[in-house]
Each structure stands twice: as C-alpha cells, then as structure tokens.
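Here's the structure we're looking at; comments come further down.
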Amino acid sequence: MALLLISLSILIISSLLILLFCRSKEISACVFLWSLVAACGFGLWSALSVLCQKAMSLPLTGVDFRVHGTIPLGEFYIGIDALSAFFLLLFFILSLAAGIYGYGYLRDYTGQRNTGVHFALYHLLIIVITLVLVAKNAVLFLVAWEIMTFVSYFLITFYNESESVRKAGYLYLISTHVGVFCLLVMFLIMGAQAGSMNFDQMTATQFPLALAALLFMLAFVGFGIKAGFIPFHIWLPHAHPAAPTHISALLSGVVVKLGIYGLMRVMAIVKDFPLWCGVLLLIMAAISGVGGVLYALGQHEIKKLLAYHSIENIGIITLGLGIGMIGHAYHQETVAFIGYAGALLHTFNHAVFKGLLFLSAGSVIHCTHTGDMDHMGGLFKLLPWTGHLFLIGSLSICGLPLFNGFISEWLVYRALLEGVFHLDVFGIIFSSLAIVALALVGGLAALCFTKAFGVIFLGSNKSSEGHQGKEGRLSNIDIKEGDLMLRGPMILLAAICLWGGLFPANMVYFAFQGTQAITGLQIPFVLKEAVINPLLSATRVLSFGGVIFSVLALVRDFLVLHYPVRLTETWSCGYVKLSHRMQYTASSFARPILKIFRSALVFRVEGKISKEYFPAWTSLKSSVKDVSESLLFRPLFYVIKKFSRKLKWIQSGHTQTYILYVFLFLVILLVWKLI
Amino acid sequence: MNVWLDAILILVVILGLFIVASTRLGTMIKIFSWQSLLLGCVPFLMYAQNMEFYIIIVSLVAIVLRGLIMPYFLFWAIRHVSIRTEIRPFIGLGATLLLSGLSIVSSFLLASKLVFPISISSDMLIPSSFSLIIMGFLLLVGRTKAISQVVGYLVLENGIFLFAILLLRKMPLLVEMGILLDLFIAAVVMGIVVNHISAEFNNTDTTALATLKD
Amino acid sequence: MLIFLLFFPLVTGGLVFVLREQESRNRMLLFTALLHSACVFSFWKFTPAVSLNGFLGLDALGLLVLSVISILFLMVSFYLMGYFKGESDISHRIFITFLLFFLSFMTLVTLSRHFGLLLIGIEATTLCSVPLINFVKTRQSIEATWKFLTICLVGIALALLGTYFLAVSGIDNVQSLFIDKLLDHAKELSLPWLKMSVIFLLIGCGTKMGLAPMHTWLPDAHSQAPSPVSALLSGCLLNCAFLSILRVGQVCHAAGQTQFFSSMFILLGIISLGVAYVFILGQEDYKRLFAYSSVEHMGILAIGIGLGGIGIYGALLHMINNAFTKGIAFLVTGNLYKQYHSKKASEVRGVLRSYPITGIFLLAAFLAVSAVPPFGTFISELMILYAAVAGHHYWVVFFYSLFLALIFMGIADIVLKMTNSYESPARGPQGCPMNATVSQPPKESLSMVLPILFLIVLVLILGVYIPPFLDDILQKAAGLLGGGR
Amino acid sequence: MHILLLLHLTILFVFPPLLLGIIGKTKAFFAGRIGPPLLQPYFDIFKLMHKESVYSVTTNWIFMAAPMVSTAAILAAGTLMPLADFKPPIQFWGDMVLFVYLFALARFVIVLAALDTGSSLEGMGASREATFGCLSEITMFLNLTILALLSRSLSLSEIFLGGLSSSWLQVGPVLILVVVSFFLILLVENSRVPIDDPETHLELTMIHEVIVLDHSGIDLAYVLYGKAVKLFLFASMLVSVIITFRVHDFLIDTAFFFFELIVFAVLIGIVESTMARLRLNKVPYLLFSAFIFSIFGFTVILVRGGH
C-alpha cells in the first residue's frame, strides 16, 4: 500500500511540476517521462507484492489506507485486494508503455496545443484510474470514475481542430455519463441496503435475489456502456480513432476494461445473482463478440477496426464472466473459477496486445498520414519493426498458439466445456452456444487480422498515384521507422505477449488470485494444478512444433544453398500489366464473409459499374452500418431532440400565458390536495 | 349593520364585474378607485362595535393609497399613451364576463367548503374576496394592455385586502402597514415600468412584449 | 447586531446615491459587502440575540442562507469593480444603491421570524431587483423586467393570501404569525386552512424560487440582466425564496403534514427538471442556458426537501453549492459577454484558445453545474438521490436520473462547442470576434478573475471536504425540517 | 512406452502422403486410367525439393516461413491425435482446443503468405480460404463438444481411445449426424471436391491451389506435405469416431486402423470422381448444413439425455 501511495504522490507532484513548467516543452516532457517510469515502477511493485502473497487468508486484502469521513456518505478509503492488484498490474504496464510512446509521439509535435497540459492530464488519468481500481468506498469510486471520464474526454479531444474529433468526444462523454447514472443508482441501492457506502460492509450484506437482479441490470448498463457491450458501444468506434494513438491504446486497454472491473467488483459484492443474469450476460457477450468482429471486418480504417476488435474481445471476456456467473448460480464452483480466471486473464492479455496493436497502428498512421487501409500496403519492408510487432499483436489477438491470447481463450473454452460437463440441460445449451460463438469469433478475428496485416504490410502499396513515385511504390524518404521511444514500449508489450504465451503459469496463477477475490472462496490447489498443468503440456506441444520448424528450416537452408534461387515479379497468371491497384483490398478481402452475414449486418456496396464493353472506370465502395447506432441511438436522440423542440411553445413569450400557468397550477394543486 | 355590509360587498363584486366588462382604460381606473373606496369602508362597518385606533389608521391608509393616490398615479402613467381602449383582448369581453360569473359561483362553493374557525360578521366576505381575486387573474390573463394588467393586479390585491380585513385584529400594525406599503410601491413600480414601456415601444400593448421566448 | 446588519446596507445605499465619484461608490459597495460578511462570519461564532420584539432572529437555516448571500454578494461586488471599468453610466449610481438595498432586504428575509415580515422582505427584494434587471434599458430588458415584475408580484400576492390563510388556520388559538409560536402550536392549527395556505405559499414562493411551471420569468430576467446581477438573482434571490418555502415546510413538519407538503414539492421538482431538459436542449443563448439550469437546480432542491431524511441535508448542501456554482456560471458569462459581445452560443467559439482563463472557468462552470465530481454539487445531488433510493421512491429516481442525463447532454453539447470549436462561419479563423473595432481582444482583468477562482475553489473544497462546523450547522438546519444524515 | 511414441510419430510423419496417392489412384480408376503410382506424392515432394525456388520481389520472410510454420503447426497438432491404439505423445485435459487452434495457426500463416505476394488472384484465394476456414471452425468446435459430452472428456486421446465406445449403442443416430458433419468439414478444410478441385487450373475458381500459386521448390514441397498430414489427421479422426471397436490386440488394431484409413481414402476418391464442383457461392450452404447436422445431433443428445 505504501508503495502505491508513493507512486500516487509522485504522480501528483510531477503533474503539478509539469503544469508549472508547461511553457518549456523539454522540461515538462522530461519530468513526465521520469515520473511516469518511477510511478509505474512503484505501482507494479505494489500490485505484484499483493498478487504474490502466499498467505491465503480470505478475503485477500492488502493493507488499507483510510481517511475518515470528510464528506457525507463518502470517505477516502482505499485498499488493494487481489482483484485490484490484477487490474493494477495490467494498468501500470500499459500506462507505462503508452506514456513512453506518447512522449516519443508528441516530442516532435509542432501544433499549437500545449503538450505539457496533455502530459499533466495523462498523469491525472493515471491517478484517477488507480483510485477507481483501489477504491473501497462507493462514493470515492464514483468520484474517481467521473473524473476519469472527463479527463479522458480531454485527452481524446487533443486534436480538437477537426469536427469529427469533437463529435466523437461529445459522444463519448454523454454516453459514459449517462451510464454513470445507472451506477449511481446501483451503488446507492447497495449502500442503502448495507447501511454504508464502504465495499466491506456491502460485501458482508446479503442481497435478496430480486434486488440482486435489479443491481445486475443497472451494473450491466452502467458498466456495459463503458465496456462497450454491443447495443451500448456506439461511442467506442468513434472515440478510438479520434484520440491520439497512445490515448487510444490506454482507452482500449484500460478505460474500457474498467467496465469489466466494475462488473467483477459488483459480483464480488453481491455474489449471488439469479441464473438468468448470467445467461443474459452470456448472450450479450456472444452478441458483442460476434458483432464486434463482424463490424471490424467491414471497416477500412485501421483504428476503427481495432476499436471494433475491442468490442469483440470484451465479448470474449464477458463470455468468461457469464459462464462464471452461471456456474456460480448452479453452485458449480469449478466452472465459476475457471470462467472468472479466463475473463481476468483475457482482460490482461487484451490490454497488452491491443495496446501493442494500437501503438503500432499509430506508428503506421504517423508515417503514412492516413488511416485508410486501402491506401496502404507493402509497409513491411519500409517499417520492419512496426510490421513485426503488429504481426505479433495480430497473432496474439487471434488467440493463436505461442502467444498469450491463446492461453486466455483456452481458459474460457475450458470453462465453457466444463460447463457442458457440469451443468444441466439448460446450462449445456447456453455453454455450447457460447462455445460456438467463441469459435466463430476466433475464426472471424483470424480472418480480420489476416486482412489487416496483409493489406497494410504485405503486397505492394495501394495508395493513389499522387502519393508515390513512378514505380508504384512509396518513396522511401516518406516513411521512416520511429525511434526507440516509439519502438521500446511496443517491444515491451510484444515481449509480454510472447512471455504470456510460452510461460503462462504465472499469469494464470495471478488470475486465480483475482478470482478468489471475486468469489471470496478459496480455490482448491487441485483445481489450480488441473488448469495450469495442461497449459504446460500445451507449451510442450508448441516446443515440439518449434523443433519440427527448426528441422524444416535447416533442411530448407541446406537445399537453398544447393539449388538456385531466383527473384522475379509476382506471377500474374498470364495477365499482362498487373498493377498494384489490382491487389485485393481490405474491402474485397472481407466481402465474402460479409455477404454471408448480410442478414445480420447492414452491409452496403455502393458503386457504379459501367455497362459498356470496355468500361473506362468503375468504382465500388462497401460499408457496414452500425445497426445499434443508426437504428437505435440516432432515432432515439432524434426523438429526444424533437420532443424538446415540440414543447418549446411553453415559453411563448406572453406574460398572460405565464400567469395562466400559475393560476392553472394553483387550481390543479387545490383540486389534487383538497378534494 | 350586516345588511349594509352585505350591500357593500355585493357592490364591490359588481364593480369588479364592471371593471372586467369595460374596455376603456380610464373607466377601468375610475371604477377601481370607487371599488377601493368602498373596500376602505368595510372595516368601519365590520368592527363598528369595538373600533380600535389602528383599525381606523389601516382603513384610512388603504382608502387614501388605493382609492386616491393609485388612480391618480395610473392616470399619470397613461397620459402619454395614445390608445386608451383595450382593442383586442386575449379573452373576449363576453367570455370574460361569463368566466367572472362562474368565478363568483365557484368562490361561493369553495367558501362553503371551508369553515372559518371563528364566527365572522358576514358570510359574504370570503366569497367576494375570492371572486375579486379570480377576476384579477382574469384581467391579468385576458388583457393585452399593460395598464389593464396593472389594474387586474390591483383588483387581485383588493380581493386579498378584503380577506385581510378579517384578520385585522390579529396582525400587528407594523406588518399590516408594511404589507400595504409594499403593495403600494409594487403598483408604483409597475406604473413606472409601464411608462418605460410606453416610452420605448410607443404603446403599452404587451403583445409586443413577447420577443423573449424559446 | 441584527438590526445593524439590516440597516447598514440601507444607509450606505443612501450614501452611495449621494456620492459623485464612481470610484468611491465602488469602494463603498465593497466596504459594505466586506463588513456584511464580517458580521455574518462573526455569527458563526457568536449567536446573535433575538431583537425587535422577536421579529428578527437567526436560526441555522437563516444562517446558512445568510452566509451564502453574504459571500456571493462580496464576490459580485468585487467582480463589479472590473465589470464597470470603462463604462461610466449615469444609472450606475442607482444601480449600486439598489444593489445595497437588495442586500439589505435579502438579509431581512433570512432574519425574519414572522411570516408577514418574511413576505415584506420577499416583496422588497423583488422591487429592488427591478432597476438591477433593467440596467441596460433596451427593449428586451424592459420586457424581461415587466415579466419578472408581473409574474413575481402575482406570485407574492398568492403567497400573501397563503399567509393570511395561515393566520386563519390559527385564528382561534395561536393568533400569531410568529414562526416560533406557529411551530409550538402547529398541531392545533385548523387543517383545511393550513393546507390551503401551504398550497398558496408553495405556489407564491415557488414562483419566486423559479419552480416550473411558475418559472417563466426566470430565463428572461436572467438573460437580460447584467451578468453580476444574474449571479445574484440566481444565487441569492432564489435561495431567499427557497428559505421562505422551507419556513412553510417547517410549519408543515411541526403540524405532522410532511407528506402533504413533500408530495407537492417533489412534483414541482420533477416538473422543473423536465422543463429544464426541454429548454436546455438546443438552447441558443448561453445565459438562458444557465438560467434554465437554475430551474433545474431549484427542482433538485425541491426534490431533496420533498424526500426528507438525508435528502434535506443534501438539499441544504446543494443550496450552498448551487449558489456558488451559479455565481461562477453567471460571472463567467459576464466575461464572455465582454469578450464576444454576443449572448448567442453559436457566436462564441474557441474560448479555450482565445481566452484560456475564461475558457477554463467556463469548463469549470459547466462541470460544476452538471454535478461532476470533485465539485460539491456532485455530493449533494448524490445525497438527494440516496434519499430517493433509500426511501424507495423509484419513480423519482427514474425521472431524476433521466432528466439529469438529458440536461447534461444539452449543456455539454452547447458548452463544449463554445470552448473547443475553432472554426465558425461568422467569425475569424481563430474564433476571435470579427468585430473589427476591437483590435486587441480585451483580456480578463484581475477583479474579473479572482472572484470566480475563489468560488471555484470553494465549490471544489465542498466537494471533497465538509468542515465540521458547516456539517454541524447543516445537521441543525436539516433537523429543523426533520432530516439529517 | 517410448517405442510406442516413436511409432506414433513415425506413422504421423511417413504415412500421410500415401493417402493422397490412394485418392489419386481411385480417381484414376474411376476415370478409366492407370494413374500415377501410389507413392507419387512422395516422389512429388522429393522432386520439388530439388527444384529451383522462385520468389517474388514483393515478398518478405513471411512468404518463405509460412510453409514451414504451417507444416510444423499441423505436425504439432498431430502429436495430440491418437492413431490406432497409439497414445499420442502429449495429451492433456482440453487439448482439443489447441488441436483446432494449431490448424487455425497454419491457415493464418498460409493466408498471410498469399497476401504477401501482392497478387490479386492469391488475395482472392486467401479471402476464400479464410472465410471458409472460419465457418468450418465453428462446426468443428461444436462436433468436438458433442464428442466431449458423450465421452465426458476434454482430451482427444481419451475421446478417441475408448471414450465413445458405448455411445454408438446409446445415441447412434447422433453419431451418424456428427460423422456426416465431420466429413463435410474434412472436405472443406482439405479443399477437396465438391468444394475445391485440387487439380483445376482455372485460377478464378480455385481456393487452396491459388493460394500457393507463387510457392515453388522446397516451399511447395512443405505445403504439399503439410496438406497431406492435415488430411491424414482429419481422416484418422473421422475413422476413430466411426470405428470405436477394438480387439485390444496391438497388431490387429493397428492393421485395422490402416485398413480403415485406406478405405476412407478410397471413399474420398469415389466422392471426388462422382461429384462435380459446387459453385463457389454455394459453399457456405454446405458449411451451414454441416453446422446444422451437428446442431441437430446435439439437440438429440440433449433430449435423449445421453450425457
């Protein structure tokens, strides 16, 4: 705890220092960098020290820090339990990486805005997120939560010259703020029931099932908006592309995850929910997962694509949570433990690889000055570092073996399959549907990332003629790899991806620690072994694959030495004048699958195809409309606005009418109260 | 004695009806002046048996302020206004009269429901006070000229004063006088604002005063 | 002491009327405000004696409102020094005179222990604010003044009638309108008359307080008055009206009619929130925007009081927070108006870039108004919501949250466009005013910055820490209405 | 024990191309030709190893590494699969997920390699491969779930080595549905007729062949080999589901297993010879029907309570 407080005070002091020196760019940036490293270091240390605790006294707690009742209901009461520690771990890793990247990213920023203020806000964001994670008082939690929303709003709208960024920021702000009202009501109900706004007392309180269901619905909406569950996700695909890269990484890696954290916290507090809550969560998770990845397939802008993938991964995480809840409702704790652990681990993994992907996407955008994938291509040769790191990120996010995504998806699968074994018919139906959904999500994600990686980095460049030299390639001067400040954080994240995939035991153990904090139950040692040992076996399979790979590579090397190798143009199957414009684009790559799912999506292909024999030009454009945005929320906003416009006659401007209101209301009250 | 009191009260209400029915601003003010004078006499009749010094004072002040100074001041306020008739009220004259009639009936009904805790000299007093109040409201809501609204407000005030007479003994003099003075100043301020309006807008038609809206 | 507090501003007001120099008038204003606050602060330590035959007295409720008024008035008078710089007007003299009168009568409202006197105070504040609102004397301001005057006078007439009803209800036993006596004998009051009186007083004072649907004068008056006056209207005058309703509530509570009173108050509150939502969404005039937000916050106060229990504590806290918040908001609009010469939100763009300090203040005002932590408004609104939840008033919870969310949408849309946008068709590329005569955009003078900053700090502190002495008084005041934490 | 493992690996490494040979022979028989020798796939692979390698200038190392990675992944998957009575070298609770994901990894890299060339035709093939792959994956998972439910195990070795022995008696019809569904998936995954014709030369209609259009020499050899192993693994899986009967005699069981595989290869050959290729846009329907078969089977199990 002391370590965390040190880290917080470093952040507070340094953010003040940054503000003080914000006129001088160098000093503020320097202060930012070193304080960030120091604070994150202390923070990680504190988180790890809690996670590594051997003593399993339940409930798992660190030492608390408490300042008694300064305001009614609320008090400054923080403490790290394993759940907080787990999230702190991922949060500090990612904020360190994103922060260093941001330092490198903004160092040569020459715009008019003051980067010092931006850095200070970044520190502030770290502080409030830490507070959200360690708060043990609902009011403190809500305060930190709200401040976080607003601080991140200002970080998102860093480039607020453009209209779209402002709109995205506004959308983010209002949707999350609307969610906050659900949370307010939820925590207040808990508080009223427990007689205190402290989490400790709430945890000790028994909630009736009906009330638990109400709380769950409120939490689902309130935290779901932040987490980006599918009907509520509308802010997400707008906010991520609008924000500066390191902020999008943080947004997707941590801020969105706080919704998950909140849900877990509520589960830790309320514990017993009716079965249908878990089922609902599972269904919504499946919809989010599949929907998110389908929308991602339809995107041509890289950051938007990644944003929709966040929704997908939130879906996977929530699948774990949902099966955990169902298992808990059935009193099948094995299922619950593995489900929660899978959700936790995937949260961590997603933060890492999505951070990596966003940062490398940012580097790509930084170099090419466009986010449109259909204008990229062939960047692997020009940006080898970024390309390799993006590849690692892609492999991880698809959950392919060797990388950390596999481990957590495996846990979720495992939980679902255990669900198939341990539950009754009803439970089996839902868990197997969830398995299908998860499989579909996995497959589609692989499709989507082959598309993303292939279209961006492979092939040759597809940008329009004006942008490039005569050979149809970008002139190499344009595109330069970022320096160590940009590369370093990405390498760190990539290393964690690989480490998490090859040596999963530690992270799984940490996830179990978090699970104990959620359920409040001790996980039997046997179960831990039963989960971790298979993963170690999986590593053996992979190492076997590695051996085979090296043998194959040796053979190949040997043969290549002895037989000639020739370089030519790509074989064009006999077509002449194969131009780089004829390559498969992102749109064309995703078209078959989108056509298959067109009943579930609003998938549009617009274009003009000339009917002549020798068409001079044709153009095609495909787009995927966000159903919940265009069919649910836009009409809703429209109705709200329309309604308010319809009622404007109330303020007609005539004094006489106003006096009439007074009179009429008087009569109404008299009639109501006296007759 | 009660007969006289009842007669005066009936007269007051009828004068109220006259105000509601008249379109000429000057006439309205004059009738209002008469009404106020009559109201000023009510305390004398009511408390004839045990007259006290401060009741006389309050009544006299009311008579002077409401019956004499106020009409004079209102005349001053409309001196510069060219149009002196209410041309197009929001609620037509017939409708206003009808509503006033209704208001009288409903006031009697309402008053019959509410039992006054102590015995009072006339059971007409409360209903007539209520009907004056409602008539004041009708004028305020139905008329477009600022002056007629001021008159409406004053009629409403008269109704309240009528009610206050009931409580004349129970209220300290200070408060009673303060309220009277306050109401008087309120009316004066309204008059001044009307004057401002007529200076700025060249008439006192409040339909022009509807630019501030949403 | 109380009499001194009451008459001192009156005297200095008279003095100001005689003084010739604008500078010395300003100084007199500031001096009065300072002395007034000093007195009020001394009351926190030493409870003043009841004076004037029991007509004047100070209880916890009165002290709260009085302190708020005093602090806000001090800030506004400080702000006015900068606001009037470069504008020498003849009406300045009248303006300051009436400002001081206004202060005196507001003090009267907080001090009076008699319903009649209370009403006199309320009426007098209305009358004093007429010249304040009509300061600029344009057509619109006259119109606004007229509406303010008419509607409020009607309201006060109704309140007067309500007071008489109250007297009637106790005519055979209490025979007095002294608050203390009424409270002592509340159980003996005649019920139908009491109810009538409560309804009339609620409508009457509600008109003054700006509760919908009697709020109609409020946006006009607030938007047309000079910004410092709007701040006073919103932060002080509305609270005075609120206080008078609380007095009625006290009687109701003592008479065991809390339910009767609170149900109406909650209804009024929810209607106010709804009306605020309707007009805040898509509002074009930023002063009207904040005016409607006043309606909203009055609604919140009403709901809080209506809910009882911890809600009353919350409402009283919210009253303090709201007064300061509104002070911030309207003083900022004063700055904006000075800089952009327009009240249209669509003509104010890129404040953060052109005038960073005003921009940050505007953001702070926005955050405070929409109850974002760590501003104090958050805690008080939270407490009110807690009261609703704890009392199982789920419909109230629903409407409260819904309307607050919608209102937030509206305010955020407008204010964020004002602070953040950079291009505006009607203006230069940087969002600077196109007005060519203003070559150098006026920067904020110190006296137009410090008061706002002070208020912001105050609201921020209230958001994280409520000092024990304030807590104590709030408890006491809430206890008067049967509430508490 | 180690010898058994070694035998398992030997079968895994050596046997697969033979299946291709058998299929080729069968097809030739139906076409009335003699056809290539049974060992032709081995010859092909050997021949390709000695050929010149040609690389496009647009390609990166991904293009070269992809055949190796995919082959390695498929072989690694093979270590989880029981063959005949041979226990796989590695088995653990939940290895079926890894099994499927290793195939996904193999597909992933191959698709990337196709995109690496920057050819529009290979992009097309890659798009199709990825699309159909992700659709078949869900059916695959559902089928495996059914099998897991029936055998109450999450490990491939336990499922296929005796886990299903009693299921044919209890819910035989269900297993038939699963088998059909598996068979369809096998066809899709291994790009056989009627989904894809391995011998076609019209680029616009190809799926798998067009992906490896630019591969040559040793790389192509690896691709061919990997494909053969994949077919072998799928086939042995299917065979293990169909024939759960064991005599518990090591030699007989093994021989029987090989016999089944050969019969199966012949069966594929027959299907390929007798059916025409489907139109490309009909392929999803085939996949959906596979999915529906397995859903149907699943429902029956739930109703019957066979679990």
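Some notes on this structure:
Letters A, B, C and D mark the chains as written, and numbering starts fresh at 1 in each.
As a working rule, contacts are C-beta pairs under 8 Å (C-beta built on N, C-alpha and C of every residue); 3 or more make two chains touch, one makes a residue touch a chain.
Computed from a prediction, not measured in an experiment: that's the story for all the values here.
Two chain pairs, A-D and A-C, are weighed by contacting C-beta pairs, with A-D ahead. Between chain A and chain D the centroid-to-centroid distance comes to 35 Å (mean Cα coordinates, whole Å). Chain A and chain C have Cα centroids separated by 44 Å. In terms of their C-alpha centroids, the spacing between chain C and chain D amounts to 77 Å. The distance from the centre of chain B to the centre of chain D, each centre being the mean of the chain's C-alpha atoms, comes to 99 Å. Looking at chain C, one finds that residues 146-147, 150, 154, 192, 196, 219, 279 touch two or more other chains. The multi-chain contact residues of chain A, meaning those touching 2 or more other chains, are 648, 650-651, 655, 657, 659, 674. Pairwise, the chains that touch each other are A-B, A-C, A-D, B-C.
Contacts from chain A toward chain B in the complex involve residues 648, 650-657, 659-660, 663, 674. Every residue of chain B that touches chain A in the complex is listed here, in rising order: 90, 113, 137, 140-144, 149, 206-207, 209-214. Against chain A, in their complex, chain C makes its touches with residues 146-147, 150-151, 154-155, 158, 192, 195-196, 199-200, 202-203, 207, 213-214, 216-217, 219, 260, 264, 275, 277-279, 281-282, 310, 313-314, 317, 353, 367, 372-374, 378-379, 382-383, 385-386, 389-390, 397, 401-402, 404-406, 408-410, 412-413, 416-417, 420-422, 463-466, 471, 485. Residues of chain D touching chain A in their complex: 49-60, 62, 64, 68-69, 71-73, 75-77, 79-80, 89-95, 97-98, 100-102, 104-105, 107-108, 111-112, 114-121, 123-124, 126-128, 130-131, 133-135, 137-138, 140-142, 145, 148-149, 152, 154, 203, 213-214, 217-219, 222, 284, 298, 302, 305, 307.
Chain B meets chain C in the complex at residues 113-118, 133, 137, 140, 146, 149, 153, 156-157, 160, 163-164, 166-167, 170-172, 174-176, 178-179, 182-183, 185-186, 189-190, 193, 196-197, 200-201, 206, 209-212, 214.
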